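Take a look at the structures listed below.
Note that chain A is present in both complexes that follow, paired respectively with chain B and with chain C.
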Partner chain A sequence: MPIKKRGTGLTAVADAWQLADIDVSASYPIRPYTAVMAELAKRIANGTMKCEMVHGEGEHAQFSIAHGASMAGARATTGTSGVGVTYAFETYSPIAGSRCPIQALIGDRTLDPPGDFGSEHTDCLTLRDNGWIYGWAQDAQEALDNSLMYFRIGEDPEIMLPQIVAMDGYFVTHIAQDYEMPDQEQVDKFLPKFNPKFRLDVNNPVIMGPQIEPEMGPPLEWDRHVVMNKVKGKIVEVTEEFGKIFGRKYAPFVEEYMTEDADMVYVLQGAHAVTCRSAIKYLREAGYKIGMCRIRWFRPFPDEALAQILPKFKVAGVVDTGTSYGAPCGGGVLSTEVKAAMSEVPGKPIIQSFTSGLGGETITHEEFFAMAEMMKQTLAAGKIIQSGTWVNFNDYHEGASQINAAKTEAAPSK
Partner chain B sequence: MAKVYKQVPFAAIVPSPQTENEGMVTGNWRFLRPVVDKGQCTECKTCYIYCPDACVNWAKDDGISFNLKYCKGCGICSNVCPVGAIARVPELDFDE
Partner chain C sequence: MAVAELIKSIAQTTDLVDTYVPGHRTCAGCGPALGYRLVAKAAGKNTIFVGPTGCMYVANTSYACGPWAVPWTHAQITNGGAVASGIAEAFRMMIAKGKIKDEFPNIIVMAGDGGCSDIGLQAMSAMFYRGHKVLCVMYDNESYANTGIQVSPSTPYGATTMFTPAGPAIPEAKKHHLKDPMPIFCAGGHPYLKYGATASIGYPIDLMNKVRKALAQDGPAFIHLHVPCPKGWSFPADQTIEIAKLAVETGMWNLYEVENGDWANKKFQALPKKLKPVDEYLQTQKRFSHLQPEHVATIQEFVNARAQKLGMEVPLPPAK
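Up next is the complex of A and B:
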């Protein structure tokens, strides 16, 4: 029987790892990731969980340990946050290139300097070009569920790719919420034991990661490119099967909220979707025809799904909770990606970039209202009025904020 | 003309152990080649242990030799040799 629990995104992932019967976990403390290693250590110490826990002397070592463990055939996990993500950078491409399906948990945290413990997606977005599959969980339940689905997809013999279960630091990693921990039998049915075709084995020795000639490089890169595209089909398949076994149905790529008659939508990923939904309820009462599209996968990027969904709307406001200084159109990484994905799509909406929620700031209702107002003005004008808006900072916001201050006061008390 | 790429097995994983693997010959990136003076060499095999690319061979009758198909010319072997038996000679001094 599944158990109802109260915990954080990190205990939820520890539960997923326990259910997945991981063999090795490599650790190194950094907030907000740390609690998952503490949780695992506790479970190993009290005998609930059997798993080899290895402490690295830093994140680079940590990911290398998981890499080696995976090569030896172990289901291996690790994780980090913020500058820990960037410190381990050298290891990402080799892990993906040697097709080791390790799983990492990344609890997002702002990159230094100075030390800012708040959440932001920038850390995890920096490794988008390294061949890992990943997406953001909006809450603890989804973190647990994603972890199980990611193992299943990444370890598929046709895929063999590492995965990142990304989640907003603090908002998901640390806020206690109710979630359901599935039954061991259900998990065993869904997730078979990891059994790679190649592993380091004294009885059947192989060389992994040898030096190659330049002429051998492109075919290997091509393999990685092809497999990334294959992941999309696998996501659809696995998400559906997950729903059947565990009873929780997820949209494979993009979750739509109140979009039926909407002419404007927020496009975002991660935990701020929760606030966004409640903001939409107020906005609907105030007469805004607005909805939300929450992106569940970042790599591979769901361009086909967006191409199908977004042309229904007139304006799409992409909310970036990360930065890419000097990026085109004044937006962040997510809006750049959405714009690229939509560039050749006929009937695409006007795509507007918003940056908000940096440094662990909550995106408030008022900020969502302000974005809605800006989208409404874009809709009326039929064109972007300001390319790349930092909500709360840009001048353009001032007018909108006055309008919205009035609106907030008048907002229905729900 | 279409480019000719070399097909590589899944994730470049190849059988082992082999003293050399024809599928994985690396290009000649050297500009200095290790040359051992067998008169000085004590056959301590320090170079054999240290070569990061496993290019140092040792045979009972023949002593130390280098597999130049894989040698990068990094000079580690020459640095670690306790008796200074390995010289680093410019590649251009050789015909082949």
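Up next is the complex of A and C:
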């Protein structure tokens, strides 16, 4: 029987890893992800979980240890946050390129400087071009569920790619929530044992990661490209099967909230969706026809799903919780991606970039209200009035009065 | 510690199986290739090699034409120690859980001097510290040879490389004496490292037995293997073994082993009756051909000091 539990996103993923019977996990401390490893260590010490925990001397080693373990045929996990994500950078492409389906938990954290424990998606977004499957969980339950789904998809013999279970630091990693821990039988039914076609086996020797001639490289890169696109089909299949076995239904790619009759939508990913939903309730009362589209997968990017969904609206405000200095249209990575995905879609909405929630700041109702007001003005004008808005910082630039006016205008409806 | 079955003569090695086989494209007279072959032969078939980036990766792993009859995997030049740690613990845990029926394999990292004592030092030190059952063989050809002979911490003082050419402003070429990984790893700072040795392809039986002793340990082991490089050092390809031996005879290379971290009581092998002057060795290689007498004297002083520091009781040539 599934158990009702109260815990954080990190304990939820530890539950998933225990149920998945992982063999090796590689640790190195950095906040806010650390507690998942502390949780594993406790379970291993108590004897409730049988897993070799290797304490790496840094994130570069953590990912390398998991890589080695995976090549040997083990189900291996690791994880990190912030500058730890970037310190390990050399290892991402080799892990994906040698098709080792290790799983990493990334609890988002702002990159340095300055030292800031707060969440931003920038750390995890920096590795978007390395062939890892990933997306953001909005809460502990989804973190657990994503972990199981990611194993299943990443270890599929047709896929064999590493995955990142990403979650906002603090909001998901540290806030205790109620969630349901599935039972072992359900998981065994859903997730087959990891049984790679090739591993380091002295009875069947293989060479892994050979040096090749330049002309042999592009076909291997093409393989990675093709397989990443194949992941989309698996996501649909696996999400549906997950729902049948565990009783929790997820939209495969994009979760829509109050989108019927909406002419404006927030487009975002991760934990701020929780605040966004409640802000929408107030905005609806105040007469704003607004909804939300929450992106569940960042790689592969759900462009087909967005192409089907977004033309229903007139304005889409993409909320970036990360930075990409000098990016087009003053936006961040997510808005750039959404714009690219929509570039050739007929009837696409006006896509507006907002940056908010940096440094682990909550995106408040007032900020969502302000974004709604700006989208409304865009809708009225039929064009973007200000390209790339840093919602919290408009006090310091020319859009200040506009945002402040919007905040006060929308606020009374609360 | 299990007792290793030691080899007594070259004749006995003909019965052993080669697992480093034709299919590579190393240079004629390649010291590292011979070293690889001897290590692989001593280890046998139940072996997995981890090859951090280095010349033995670049020259050996032409796609679909690799020279190994045992599993081999690439690691980045930075992370041979970490990848090997993961492999070792995966086998341990999968065997313990009954997920596989394999016998625990010999896991050998064949790291170059860069991949072990320079950019790869941190991962290797961490692997030794954590006590994984892995052998690291640092095959030392005294340069970054995979990229065309650039300076490494193993490059001796006075050697030319592409990054340390000799010129009027820097007549001695490389200005620094070499970094020695043996005291770093084996002098007691890594408590689980029970066996450390230096070896040379000029002394193949000694090398193979050191590999076997290393693999018989319950934890990590380290072998620092001297492998002359005809291309990098500029000497004729048929001189590799002679130069390897001359290195030992002149004290440019010392053969010894350290058991149970007992650095004070290292055992020396092939100890010459007296050391020949280093000049005899330097003159065999074009990488030293620019050296002036004062530079040679600097090298002689370094070699003499090292011999004394190690406790080699052998008459030393005068440092002029």
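Following the convention adopted for this analysis, the second predicted complex is superposed on the first by the 394 of 414 C-alpha atoms of A that agree within 3 Å, B and C clash if a C-alpha of one lies under 4 Å from a C-alpha of the other, contacts with A are read in each partner's own complex, and residues count from 1 in each chain.
FYI, contacts are C-beta pairs under 8 Å (C-beta built on N, C-alpha and C of every residue); 3 or more make two chains touch, one makes a residue touch a chain.
What you see is a predicted model, and the numbers here were worked out from it, not measured in a lab.
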Report clash or fit for the pair chain B and chain C bound to chain A in the combined superposed model. clash
Just to be sure I read the superposition right, which of the two partners does A:Q211 touch: chain B = first, chain C = second, or both, or neither? both
Name the contact category of A:P219: first (chain B only), second (chain C only), both, or neither. first
Does the superposition put A:H55 against chain B (first), chain C (second), both, or neither? second
Now for A:V13: first (chain B), second (chain C), both, or neither, which partner does it touch? neither
Which partner chains sit in contact with A:R99 here, chain B, chain C, both or neither? Use first/second/both/neither. first
With both complexes overlaid on chain A, does A:A35 touch chain B (first), chain C (second), both or neither? neither
Of the two partner chains, chain B (first) and chain C (second), which one does A:D201 touch, if any: first, second, both, or neither? second
When both complexes are superposed, which of chain B and chain C contacts more residues belonging to chain A? C
Now that the structures are stacked on chain A, which of 26-34, 98-106 or 296-304 shows chain C clashing with chain B? 26-34
State which residues of chain A lie in both footprints, the one left by chain B and the one left by chain C. 98, 205-213, 216
Taking the complex as given, what residues does chain C use to touch chain A? 45-48, 50, 57-58, 60-64, 66, 68-76, 78-79, 81-94, 96-97, 99-100, 102, 105, 122-123, 125-126, 129-130
Over in the complex, which chain A residues touch chain C? Could you list them? 21, 23-24, 26, 50-52, 54-58, 60-62, 64-74, 76, 90-91, 94, 98, 193, 200-203, 205-213, 216
Can you tell me which positions in chain B touch chain A when the two form their complex? 4-8, 10-17, 21, 24-27, 53, 70
If you look only at chain A, which of its residues touch chain B in the complex? 97-99, 160, 197-198, 205-216, 218-220, 223
